[in-house]
Amino acid sequence: MSMSLAIVDPALIEDLVDANHILFHLGVVDGFGHVSARHPEDPGRFFISRSMAPGLVTQSDIMMIDLDGQPLSDSAPTPYLERFIHSEIYRARPDVVAIVHSHSAAVIPFSVVPGATLMPISHMSGFIGDGAPVFEIRNAAGPNSDMLVRNRELGAALATSLGRHNIVLMRGHGSTVVGFNVRQAVYRAVYAELNARQQSEALRLGTPTYLTPGEAVESARANDGQQDRAWNLWKRAVTQKGLA
Amino acid sequence: MSMSLAIVDPALIEDLVDANHILFHLGVVDGFGHVSARHPEDPGRFFISRSMAPGLVTQSDIMMIDLDGQPLSDSAPTPYLERFIHSEIYRARPDVVAIVHSHSAAVIPFSVVPGATLMPISHMSGFIGDGAPVFEIRNAAGPNSDMLVRNRELGAALATSLGRHNIVLMRGHGSTVVGFNVRQAVYRAVYAELNARQQSEALRLGTPTYLTPGEAVESARANDGQQDRAWNLWKRAVTQKGLA
Amino acid sequence: MSMSLAIVDPALIEDLVDANHILFHLGVVDGFGHVSARHPEDPGRFFISRSMAPGLVTQSDIMMIDLDGQPLSDSAPTPYLERFIHSEIYRARPDVVAIVHSHSAAVIPFSVVPGATLMPISHMSGFIGDGAPVFEIRNAAGPNSDMLVRNRELGAALATSLGRHNIVLMRGHGSTVVGFNVRQAVYRAVYAELNARQQSEALRLGTPTYLTPGEAVESARANDGQQDRAWNLWKRAVTQKGLA
Amino acid sequence: MSMSLAIVDPALIEDLVDANHILFHLGVVDGFGHVSARHPEDPGRFFISRSMAPGLVTQSDIMMIDLDGQPLSDSAPTPYLERFIHSEIYRARPDVVAIVHSHSAAVIPFSVVPGATLMPISHMSGFIGDGAPVFEIRNAAGPNSDMLVRNRELGAALATSLGRHNIVLMRGHGSTVVGFNVRQAVYRAVYAELNARQQSEALRLGTPTYLTPGEAVESARANDGQQDRAWNLWKRAVTQKGLA
């Protein structure tokens, strides 16, 4: 951890490192995917690992990047190609404090089938609200891109698709979820994946009854108050594994 | 474990703590869900963990609650919001000695699809009987609730849906199973989840032949006599993991 | 291990104990299921664990039972209720030297859906031949049994359903596979489960091309020569887990 | 490791051994399957384990084989029956430096259902290109073979099915992927399996939008530059497991 990070609340950096390990432990990310947290005192900066597998991240791998996607040091290590997912969402959404981007397995099918909308199937995923929007990168990058959100323009287009939602799917790629803190963003990434699996199963049984918009809002609020119950469990798991 | 718990049969408290760990180990509960046991000498009270992840519960986290859902101590820790699931079922069902509430993954699809009834697909789940009823919380809490069984009225409505069954599904939420002891309730929670997975698969192959009501009753009775075979295995697993 | 077992080839008893652990390690059995081996010198007897979870079996739990299902000692521990699966198949099939009975998860759906026949989808499961027969216990035990093969008559009816096949499914219950040694029976139990999972998936994609009878015979023969490749791997896994 | 191997770049042999362990760790291979690497200085030879489970391979198990499938030593251990998969692809494809053959579970259904083509569903599997061809061994070996690529003729027929693709499915058997180095071949084997699982799910939701040929090429190129991110993670996992 560089000197400039050392003056930030150490608990935030610890949560960010734990988030990397927890998302790996739970299978939300594999060698790819990333999680970031906005700087608590400077909304124009955010913390994120250098380009590496989340499961291997330590405090010394955390770097600072500004909202143009530029590392805040001349000697910065290689950043993620897709850091613009983070920088442009932080720019467009002042309320967002943490972001998780992943390729979690069960979400991807919902990103590629027109008309198959990820909907909240249980109270654990009320944050999905009235359904997750899908970002079609072809609309912004043309039909032959490498699918990566590798510049400001594509990041801004993704942020537009996200709109006021808590989650946006990315066609043939994965999803991005936002939160008011690291723990909430992790919670949402975990339960988005679980919701996708369950919704997929339910759709084969018949026509599911999803949460009403009111149920979604109220259950999401109730769960926000219970976040640490899951976090404490996950924290122990990665500590026992020697990841924390 | 408080002094008032110390005078209870220590084997019961040990089973209750083990039940928390086993349900987590087997993936029936994650950071959420809970298990309780009725007081062996006072049917108006039950034991349950304070509000925390089941996988982290120790004996010192077990508290006593009465059938109004009130903790039996002024200095009691924070109880589960949904303790009324337990208190009202214990009130309505004098035969019930233990209860597991979970959000186990494969059961939820059956809770949200009208007409998709959880049925006993093998002799391991004869306890499902003639099919699991579904509790629709909207009928009791209206269309915009937070989905939680957070008061006596909702607990009583759930108990009514349960009726004389061993399991009740809760729409967009999970399930609650009951037993004549902790081990039986755990067994039922585990095999309800497995049954859901298998029934789901079978439904895609064609029209399954379920157990007849007679087969369900007889196989459930036979399995009750074999409960400890599974319990001993699960107990070793959580002991080896350092959870017990 | 009793004195009478000590005179048998120790390698056979070791394989039988390992088989219990391997089947548990690979998820073919859970707290239930059993595996047996015929006595190498007395075809009228077989070795099997006393009634307990396979994952917990040690050499001292192995007992001898005759083809009437009677333990060969007055002080024998409690045998499995369903030992008649083994005794009657050994009686009917002199070529069979080892038997595995399990409730493996993906096989059960094929047991309950009329017309859904377990067929060999890949060269690893050529032993399934022209499709697994299904034993409907109602035909022998009536419509209200406890589903268990708990006596000689039911065991004999199961053996009749098995016929000359290597595997028989049991409606709403599981399967039984046979082999010319313990390792082959274990291999078949493992790959029957995997085949069921893959066939289930393939059926959703369209109409699968199964192995021809000739391909089934030839690939099964080729795999028989490679059995120890898998066994050595599984043996290490259970040894490392501390099960062996 | 024999003397003749000792003079080769030790990093290559280390990667090859790690590849065996990683493919096992990730469930791409079980007791069966194999991985090879072409000799860096002699394109007419390749390195591969002797016939054994990949999860158990050590450096001393690596042997050299020529493009006729002949071990390069009179005292060579038993080679894999299907080494002709490797020798004939190396002969037909001078650009290929590494090969993985596996029976990975989700790929097999795509190999047996006519018309179900494995297509790239996300940017992680752009290497699948315009869809994986399927090798029907019956066309080369007749209707009653043992399904194994056990001689040069069958290896050559497989290589013809592979053509210029990076992956070829083998009906009722598995798949073979190629790469310009060991790490790329492992990456492709891992993500081919994941792609199959996700495509299978997507097909049940409706009609998936696959990568365009341009997106496939570009995303594959982008991922090639990120290969070590996954490799480093996998390497740690097998090291921690004591496999490396």
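Quick notes
As written, the chain order gives the labels A, B, C and D, with residue 1 at the start of each chain.
The working rule: a residue touches a chain if its C-beta (ideal position, glycine included) is under 8 Å from a C-beta of that chain, and two chains touch if they have at least 3 such contacts.
The structure presented is a predicted model; accordingly, all values stated were derived computationally and were not measured.
Between the contact lists of chain A and chain B, the overlap is empty. Two copies of one chain, chain B and chain C, touch each other, and the residues they use overlap weakly: the shared fraction of interface numbers falls below half. Averaging C-alpha coordinates per chain places the centre of chain B 32 Å away from that of chain C.
Between the Cα centres of chain A and chain C there is a gap of 46 Å. Touching two or more other chains at once are residues 204 of chain A.
Listed in rising order, the residues of chain D touching chain C in the complex are 24, 30-32, 51-53, 55-56, 81, 103, 105-106, 108-110, 112-116, 143-148, 171-174, 200, 203-204, 242.
On chain A, the positions that touch chain B within their shared complex are 120-124, 126, 194, 197-198, 201-202, 204-212, 214-215, 217-219, 221-222, 226, 229-234, 236, 240.
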